[in-house]
Amino acid sequence: QEKTVTLAAYSGIFQDHYMKAVVEPFMKANPNIKVQFYGMPNSAQMLGTLRAQKAAPQIDVMIMDVSVAKAATDEGLFDKVDESVSRNVADLYPNARIEGVGGVGVTFDNLVLLHNEDQVKTPPTSWNALWDKQYAGKVAVPAVPDIQGTTLTIIANKMAGGEDYKKSVEAGIEKLGELAPNVQTWDPKPDVYTPIANGQAALGIGWNARAQVYSDAEGSKLGVTLPKEGSGFQINTINLVKNAPASDAAKTFVDYALSPETQARFTEAMFYAPTNSKARDKISKEALARTAAGSMDQMIGIDWIAVAGIRDKITEQWRRRVIPLSR
Amino acid sequence: MMTITVPTAPTVSRPALGRTGTAAALLLPIALINAIGFILPVLNLLRMSFNEALAGGGVRETFTLANWTGLFGDSFYVELIINSITVSLSITIATLIVSYPIALYLHRSTGRWRTFLTVLVISPLLTSAVVRTYGWIALLADQGPIVSAIAALGIAPPRLMFNTTGVIIGLTEILMPYMILSLLAGFGRLDPRVEEAAMSLGAPPAKTFWRVILPLTLPGIALGCLLCFVLAVSSFITPKLLGGGRIFLLATEIYDQAIVTLNWPLAATLSMLVLIIFGAALAAYARVLRAIE
Amino acid sequence: MEDTNTSAPMKLLVAILFLFLLAPVILVVPLSFSGEQILSFPPESWSLRWYAALADNPKMISAFWTSLTLGVIVTAISLAVAIPAAYVIVRMRTLGSTFLYNLFTAPLLLPTIVLGLAILIIFASVGFLGTFTGIVIGHLVITLPYALRVIATTLGNLNLACEEAASTLGGRPLTVFHRVTLPMMAPGIVAATALCFLVSFDEVVITLFLTGPRLTTLPVELFHHVESRADPLVASVSVLLILLTLAVVMIVDRTIGLSKTFVK
Amino acid sequence: MMHQTVLCGSATVSDGRDVHLRLDGLTKRYGESVAVAALDLAVPKGELVALLGPSGCGKTTTLRMVAGLIKPTNGRIVVGSNDITIMPTYRRDMGLVFQSYALFPHMSVAKNVAFGLEMRSVPKPEIERRVKEALGMVRLEALAERKPRELSGGQQQRVALARALVIRPSILLLDEPLSNLDAKLRDEMRNEIRDIQQSLGITAVFVTHDQVEALSMCDKVVVMQGGKLEQVGTPVDVYEHPASPFVASFVGRTNRLKGTAQGDGSVTIGAMKVLVPGRPGGKVEIMVRPHRMKLVEEGSVEDVAGQEVNRLAGHLKRVTFVGDLLQYSVDVGGAEIVVEAASDHGRGFRIVGTPVAVLWRVEDTMVFGRGA
Amino acid sequence: MMHQTVLCGSATVSDGRDVHLRLDGLTKRYGESVAVAALDLAVPKGELVALLGPSGCGKTTTLRMVAGLIKPTNGRIVVGSNDITIMPTYRRDMGLVFQSYALFPHMSVAKNVAFGLEMRSVPKPEIERRVKEALGMVRLEALAERKPRELSGGQQQRVALARALVIRPSILLLDEPLSNLDAKLRDEMRNEIRDIQQSLGITAVFVTHDQVEALSMCDKVVVMQGGKLEQVGTPVDVYEHPASPFVASFVGRTNRLKGTAQGDGSVTIGAMKVLVPGRPGGKVEIMVRPHRMKLVEEGSVEDVAGQEVNRLAGHLKRVTFVGDLLQYSVDVGGAEIVVEAASDHGRGFRIVGTPVAVLWRVEDTMVFGRGA
């Protein structure tokens, strides 16, 4: 008999590539399991849905940002993913196995600086390009609670010479306040890459993996650079929903998603760095170079579990002190 | 949309079918759905506004006024409320201004032409607001036809999207059909004979408008404004898509708090606030109507 | 009213305002024939690819069927519930009918966002979210008041004398109801049907709170799509919806006046 | 008031015909207000009775109680020997013609007429036959398949009549059936209804506020005011011997003069004196119909065929030509008296201010007491 | 048609008064259909002229063209010596009273009346004075602060009149101003309007479809049909000497008989022969007004004051009592003739079938040709 696994993850191109590189091969390999992909724009909404359905969950597996996964785990919405679920867990890099989170890391990614190649002739090398008055009204920044905004806060905090972000991001907020007048939209639709690619905006911040995919598209005007100040690291985790209807099939899927072959295939497809240490060898050099794995040394260490605790505060600061300055 | 009068029919005592029991049985289904889908949820929402929100989205059952006091003690929310009201009022007024000529023209046209125009007015109403907002995104974009046209005239192109202007343009268009239909409903009192009477008494067209047409259409204006204000305050899809993340309104905030931040007690409190604003709008409407009468 | 009253500038103004009103609806038509990957106007090339893409999009198609089924079921229930209720409220005005009428139509006065949140919180606790039943109830909350209002209005405007005439001719109450009252209400019932269906078919705010991974409606799917992709697929869906809508509008207009249906 | 007591309370009426419909103390109250107050009435079989009265006097309410569409607050409704006061409408077997026709808009003319027969489960072929016959009676066979909205007012009216008659009701009730028609059509329909009613010998109650209609069509006229009976009688009775000043002025035009009766058959009005029939006393109001008066030159000696006449002197105030008639307004000692004369090619008095005299027969004078 | 040519085309009319309003070939077409066809009319200063005709004959259209509310397709409108055909309404200085009154519902009575003066920038104190005066004229001073909906139909009517008059318009136009009122009030208002119009000496055009109204109020009656003038004349003219069968039957009741004129002053109708005034020839229609006829017993020898009379034998078909009148239907050689007589306490012929004779004076016979 056929089983259906409902997988919730990011919509848009993530969905397209994940379907092609992971879900479809999985279904071919497991003909009796059907995977339904439920795309959602961000992790926060995934948590919201999960929470609303707590009484009768409809989602089995959820791929979401680690900090949100922590909150969900704390609320008891997730089961533990360990070696009993998948033997691949043992092969994961240590920073893919996070204390206090039910699931485990499934992709690594980092924040990059985006530009439109028509409007920005020389690729910028520093985050400071965002502050350039020349691009007033041409900057697209996904604001918090999107974690791209959170990551930018931490980067800005460091650039402004602020103290440890875990103690205070005051300096970063100040600096972002100066950025605000330049910003065209704090909520780029459908994502930050499209408006930059089509020229509605000139500069922006986004995740490396997707940016790489967009920049590969035919005739794309999207340029991607990793600024010299370095960047922040992001982890997507794969989680099992507690009391979900299809738990055995869901575990089969998680095991498949963490396997070296799958990880390698997805990296080739979308330039997320793999979390399985055994996947690295199976990936082409060029692809790997374009992932976060190619630039691990330039990353600011971000403790996402700690950030989860201060996220609400950062959000408040943005809404009160950053965004209003852009009106 | 908003008239709250029961349609009247002459009273008759109808011997059969008139038993209270039958009546109650016939009313039961609607009462049930009303209770499950309306009364209960709204009361529950009120209750929720006195609960405590836990970090990460949990809710603790208590009885606290913290949400309410927090709201009014916080300049962010005070500004948000004021902003919601002023934006909604601007939208209402803009809608009125662009709808009035159409309504007046429609009121004066007759026959098939009138039917055709009515269909035109209503057809956007039947097209999802999502779709229409989508159309506005294409129209108002920096590369879009409007900005290009303005730029072609040699004027520095204004930003039409991702700001209050964009939200007002989009919502104005989206609410126009409601306004036009309300105005038309209220134009019932506008007998063309009365306009003719004014002219025969020596009033030129402009004076006829100010002294006769406008006063007589005030009930329609009041109805349309109430309706559009209510709809503007509660709309969130258009502000979300056209607001560029910088327009914080009550409705978008309710949605964010409910779905993204998962602070249900706060969302509930904000919802109650919206209801209070509506109550005020309704009261204002009733007063205006009474003043007109 | 002819000749003298509508001057040329006024006509021009009205034409411009109509253009504004219809701009986004008109615009989606060319957009839907765009050959571009990304939404932009005017498109640089033309094609039918987004109609083809639509045909290949099982999610969109299944959402359409969900919306259609939902619309039909919600409409049927609305009528079945609203007709008797309207009859009681309009014709037996003893039971505080004004109060009941106001109570039953009150959901129309409530912003849908508030109503949606309120329903979400209640339904979350009973596991109604993302279920068909849940959405049906959610939709009924707003379609019923419309149905009740339209039908009650029609009933109130009916010539009571016709029913009296039928009873003097020997018709028993039930016979009178189904031979005379019901047929005479036909225009109102058609209007209510169209209205309920369209409201249910187009409802997005409340539904947004109620849908889930297993079940989503077309407007919600469209909203999600607009939020996550910038391709012109939505335009092609919109064009098809506009055509569907026009068909319904035409039917309604043939049977009764349109403007009566929406705002009294 | 006298006529009324003669008519009711007994099963047979003065002229020997059986009473078909009887109302006993029929009363309808709406909250505080009384729409119909203790009405007693007996309608003989086969008669056409008019309920005549000003707007709001309770005519419709009475008719609807008879039809069973309103429950009486008090009193009884008896048909033949059956008390039907609480019988539901659909078993009463009465034909009702509404002022607004109340045709079923969704049915063809033939279907409208057939409705009552279908309710009685009359077999199909008979229904067809009887519908045809009824439409023939109102001369509408050709329009059987039309919808009501495709008919003119008069045609709709006739369909309503056919629909009410086809069930051969024991009693026909008509509520201002002609008031929506224009003058010409109204004249026609009056005769038509009267002819059909008489040829079928059906008992009918006809509500109207138009005195011409009541007088010209009906066997008996019931004049109502404020929910009460004012007078019941034949048209001539009601017109010539009104029971009250109200009836006198509601049914036909009158001149009204207030005076004091001397008890010797004369009444003084200010400085004038007129003769009246009988020997009333006390404060009275006298009424004379304008067309029973004659205008003569002051001082002329004119006879009214050897009968006793009254003569008042005055002068001409206004002459109005209304085609068939000339209406003279005459100032008689400060009061205005209207005199009507057949117009005769514009001949007659024309000059305002002319001294004239108004003449009328003593027998044409109506006298009513004005209390103490 | 004769009268009309006398009236138009010259600046002065027969009785010497100056022409105030002149219509020259006034025409209004709606697509194919012609609402008003080449109307010529001259209204002398200070006269009250009635436009009389059946529904749809173009009365309202004519009036609205005069007021400037409809643009004529053709023709001219001249006031005094100014051509105002294309002048906008608000500069025409005409008072207009609508059938539906068209009061401003949001203004008090006083405000309604003041409106026209405010438009003329009359100083405040004068406005007050003139509004008061105008309300006095229609006896409504006491109700100055009421809103229109708080007034009865007749009161609203008077406000509309005051509103139109207060601006002292050069011409007053009234479109069926009385048709919404009940019979009693209509009589009153007729006199009131007439009195005010005369005391102000204002030129007025009065639209009506009620012949009594037209005949009794107006100096001149303009009878229209199908957008064309049928006859223009004084009330007596129009009634006694109708220019066409249409006018004869529209203005007052008539009996119509078809026959052949012998050229010797006699007309044969079937086997009967009647005398007519003049010596017409060919196929004719003769008309006699019912109240100019007299019913006598068959074989009785009765004189009509020594004048030439016609006498036709027949028998009584129906007698209708309508209060003031008795209407006899008499079958005369297959044709039905209606004779009206004053009712006299129900006296008169009553028995249907009685052989009778119908008498009338030759001078009361109207004759119209019927073409070849």
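Quick notes on this one:
Just so it is clear, A, B, C, D and E label the chains in written order, and each chain counts residues from 1 on its own.
Rule of thumb we're sticking to: a contact is a pair of C-beta atoms (placed from the backbone, for glycine too) under 8 Å apart; a residue touches a chain by one contact, two chains touch by 3 or more.
Going by UniProt, the chains are B, C = ABC transporter permease; D, E = ABC transporter ATP-binding protein.
Since the model is a prediction, treat every value here as computed from it, not as a measurement.
Minimum number of contact steps separating chain A from chain D: 2.
Of all chains, A has its CA centroid at the greatest distance from the CA centroid of chain E. Ranked by the number of C-beta pairs in contact, the top chain pair here is B-C. Centre-to-centre, using mean CA coordinates, chain B is 17 Å away from chain C.
Per-chain Cα centroids separate chain A from chain C by 39 Å. Remark: chain B and chain D have CA centroids separated by 57 Å (rounded to whole angstrom).
Each of the following residues of chain A touches two or more other chains: 51, 189, 198. Residues of chain B found to touch two or more other chains are 12, 15-16, 137, 141, 143, 205, 241, 258-259. Residue positions of chain D touching 2 or more other chains: 69, 88. Listed in rising order, the residues of chain E touching chain B in the complex are 67-69, 88-96, 98, 100, 102-106, 115-116, 119-120, 163-164, 167. Contacts from chain B toward chain C in the complex involve residues 1-4, 6-12, 14-18, 20, 23, 26-27, 29-31, 33-34, 36-38, 40-42, 44-45, 48, 98-99, 101-102, 105, 108, 110, 115, 117-139, 141, 143-145, 173, 176-178, 181-182, 184-185, 192, 195, 205, 230-231, 233-237, 241, 251, 254-255, 258-259, 264, 267-268, 271, 274-275, 278, 282. Against chain A, in their complex, chain B makes its touches with residues 55-58, 75-76, 137, 141-143, 159, 162-164, 240-241, 243-246, 248, 258-262. Residues of chain B that touch chain E in their complex: 189, 191, 193-194, 196-205, 207-208, 211-212, 215-216, 218, 292.
Residues of chain D that touch chain E in their complex: 211-212, 215-216, 235-236, 239-240, 251-253, 289, 291-292, 318, 320-324, 327, 340, 342-346, 363.
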